[in-house]
């Protein structure tokens, strides 16, 4: 496993909230990350759809780790801001968030990500994110 | 309790995810809603701050219910989109999201919301949201 | 020329501000629109880059017309909201905004758009937009 | 006139696009800026409302200069990203954008701004922005 993937997987493993909701890191390539989540009744809003905050959580982690995968070796990342459009009710047996780097800068990286609901092998786009992530260089 | 508050409290009670993270509906007035959340290790990201998705979850629910509190009696609401700026690390013993309606329209309502971390009685602004919510009139 | 293109070109022709800044409608296909703009000193901010508001103007019109190109025949469109990331200084001999429909709904359509600076035949990504557009059905 | 106001007024004076649309800097206080604009037919979209890009232009400049008014003395500012909600048709004899700093950071500052249409002495909220601005320290 390459250094950037190790770094992403290690950091993801420390995100206790990803464990809480049952999210898994599926794939990590330079500038692109995929996170998967199974549907659960405990993750829903009032209409039994996945809560927008849950969808946002996997989109945000996917964007952050896509940025981290191309960040300088000693950098960590922090989400600065994001915008999410909820395009369809978040229904599905499971969900996948796919993020890619749009522009990697020295200080700021911009990513986009889509979330899909999976049902009997069919994917349906349910949400999309545009996010700004900051490289944090630890100062010693 | 007035009709709008009953409606909001009933819907909030059906958001299983709010129960999962331990969020509580503190106050509901026409056009303004407050949601509180205790810190928990299971809600964190890699630096032991609250995950941005958790902060977003209470901001989103607060905005949705602020919109619902002024929506037509038979309407339900759905989040169309939101944008969140993460202003400071989400640290605190607990957190509160406060949403208010900025503009209530026939179809769309725009809300803003702030999230604060609470520590020994001090509040610190940690995130802010601008959100668009849609009124859904059930058709029979 | 097909009806959707006529409709888009007629509406664009009525946007006086597009004429003011010298923007041109380059192409209109179902769900995708391209707008071009020549650089001008009168369109700049303090560092002689194109003002972010000018870049946003062509991105917004491109998104609106991409939505209109797939809207019901009698519908007009109105921008509900948009988010823009400015990815690089907006320098170039000219600029092009390319919008595409991400999800067309009955009431709301979501589009994404990129803006590029053109210099000696090279394109450079300078900004990106995620936008929500509303179908307005005139009521008589 | 204090240094921060001089700095803002000098930079605004170099924004050729503000002159092009006829925008004026009304007031500059630490962390808050007001910009005014008269209605003009050459600034409109297809329904004779002010183009969303024009409203965005004065909101963006107001946010940038609110950030600059509290930035370190040698810093310049650059818009990183913004999100605008268009709340009502932009009609009026004139328009005013009022921005204020929400959180000033070392590298990034977050501002919010509202735009109002003015008609016979009445103000109507027409748009609202949430923006991220970056401090640029020139390196010599």
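Order as written gives the chain letters A, B, C and D; numbering starts at 1 within each chain.
In this section, contacts are C-beta pairs under 8 Å (C-beta built on N, C-alpha and C of every residue); 3 or more make two chains touch, one makes a residue touch a chain.
All figures in this text were calculated on a predicted structure; none of them were measured in a lab.
One copy, subunit C, sits rotated relative to the other, subunit D; on C-alpha atoms the angle is 180 degrees to the nearest 5. Of all the chains, the one whose CA centre sits at the greatest distance from that of subunit C is B.
In this assembly, the C-alpha centroid of subunit C lies 21 Å from the C-alpha centroid of subunit D. Subunit C has its Cα centroid 28 Å from the Cα centroid of subunit A. Rounded to whole angstrom, the centroid-to-centroid distance between subunit A and subunit D, based on C-alpha atoms, equals 33 Å. Counting partner chains per residue, subunit D has residues 80-81, 83, 85, 110, 132 touching two or more of them. Partner subunit D is touched in their complex by these residues of subunit B: 83, 85, 87-88, 102-103, 105, 110, 112, 125, 128, 130, 132.
The part of subunit D that touches subunit C in the complex is made up of residues 11-12, 14-20, 41-47, 51-54, 56-58, 60-61, 76, 78-86.
Across the complex, subunit D is touched by residues 80-81, 83, 107-108, 110, 132, 134 of subunit A.
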